[in-house]
Amino acid sequence: MSGYPLHLLYFAWLRERIGAGGETIAVPGEIATLGELRDWLSQRGPGYASAFAAGKTVRAAVNQVFATPETVLHPGDEVAFFPPVTGG
Amino acid sequence: MARVKVQEAPFDIAAETAALLAGRQDIGGLGCFLGVVRGTVGGRALRAMTLEHYPAMTEAAIAAIAAEAERRWDLLGCTVIHRTGRLAPGEPIVLVLAAASHRTAALAATSFLIDWLKTRAPFWKKESYADGGEAWVEAHAADDAAAARWEG
Amino acid sequence: MARVKVQEAPFDIAAETAALLAGRQDIGGLGCFLGVVRGTVGGRALRAMTLEHYPAMTEAAIAAIAAEAERRWDLLGCTVIHRTGRLAPGEPIVLVLAAASHRTAALAATSFLIDWLKTRAPFWKKESYADGGEAWVEAHAADDAAAARWEG
Amino acid sequence: MSGYPLHLLYFAWLRERIGAGGETIAVPGEIATLGELRDWLSQRGPGYASAFAAGKTVRAAVNQVFATPETVLHPGDEVAFFPPVTGG
């Protein structure tokens, strides 16, 4: 599979470290799951590396539904990364 | 069907309560929880609390939590209002109302709703201190434990 | 020190909440229970509920229940208002508010207060039915069980 | 001990059966406890008998404090009889 587009969103301290609230990017076709996307993103630069550093608890949602590293991605998905929630 | 609102503006607890009760005679008990910004956190004076959220997901996530409460208890009304943006100490953050024919269901659903809101709704709090510092609030193990009480 | 009122008049939930929160920045959670007269009891339509009480004892009994709540939890405010006299379906009967630095104490104290009010405050309810009949409400085993949860 | 005065109060269906919300009466000196008072009152007439009939759950307070059949009475006490409470 060739590259495909994803709409990425970052919240709270992930947003601050990456320096953007979101972006639409083309990811390589061999990235099939959320876990693989995270590993790939963490190598895009120091901000990403800091946001996705090993040991950091990062949660995610795919198309506004909480997701796990095994969740399979599809072209055009909205993928959000964020810390554990702290509302209420 | 729950009434869910995510807004910067303050809410009116009397109006929300009246809206839940209006024209009904089947409600015997109404449980309520109001969350408020505290002025001191861990001994450090707070200037403001800023709530960020995930707009495309927030209302749906809260509605799903409310639907789960309605599945578990025979609720006759349910309202969740969560504020976002910058709030000062003393300001209300969140309002939960749950109505039922009897108090046990109303109060249990109220506890459930706030426990799950704290662990399953996409909000993030940032504290701005009087001394100029800022920090994102970390998730509490106690909140996870409180939410886990309702599982299984 | 709890705020306790026994009165025929309606109460104002927004004013009572505001009074508890006024000028404070230490309250993080406010639990609330509102009891309401239902229009149907056991399939029988209700015209009114009349609450009799023991005036010389009532406020002191409620204050003792509130003091017990304050002994069990670090409350930062506590309000109990109980109405008496003749009330129509849909009308509020009782308001309980309990404030604390965190939600767990606020909500637990709210449940405790209403459970003990139901079993330890000298009120008696008489139901007047739409068909003309009247009956004193009998104490419920479920209420005794709910109150007993807090013992020991 | 000779007779002594008590202020009696009746609530809810006890009030209705006895036909009065309260009364001040002189009780015989040999009545020492709340339980003995209840037995003595139940023989004062059909209303009292109905209010205090065997098997009826009747609660009481002495000087505005919940009391038991063993509670000892004193001259001038305010003694209230009532059904189990049903407020809240």
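Residue numbering begins at 1 within each chain, and the chains themselves are lettered A, B, C and D in the order written.
Note that a residue touches a chain if its C-beta (ideal position, glycine included) is under 8 Å from a C-beta of that chain, and two chains touch if they have at least 3 such contacts.
Just so it is clear, the model here is predicted, and its values are computed rather than measured.
By the touch rule set out at the top, what is the minimum number of steps from chain A to chain C?
2
Report back the single chain whose CA centre is most distant from the CA centre of chain C.
Farthest from chain C by mean C-alpha position: A.
Please compute the C-alpha centroid of chain A, do the same for chain B, then give the distance between them in whole Å.
27
Provide the C-alpha centroid distance between chain B and chain D, rounded to the nearest whole angstrom.
49
Where the centres are mean C-alpha positions, what is the separation of chain B from chain C, in Å?
23
For chain C, give me the residues that contact two or more of the other chains.
Only 35, 103, 114 qualify.
Quick one: which residues in chain D touch 2 or more of the other chains?
88
Could you please specify the touching residues of chain B with respect to chain C in the complex?
12-14, 17, 21, 24-40, 89-90, 101, 103-104, 106-107, 110-111, 114, 142, 146
Considering only the defined contacts, which chain A positions touch chain B in the complex?
The contact residues of chain A facing chain B are 9, 11-13, 15, 57, 61, 64, 66, 78, 80, 82-88.
Hey, which residues of chain B end up touching chain A in the complex?
35, 51-54, 56-57, 60-61, 82, 93-94, 114, 117-126, 136-140, 143
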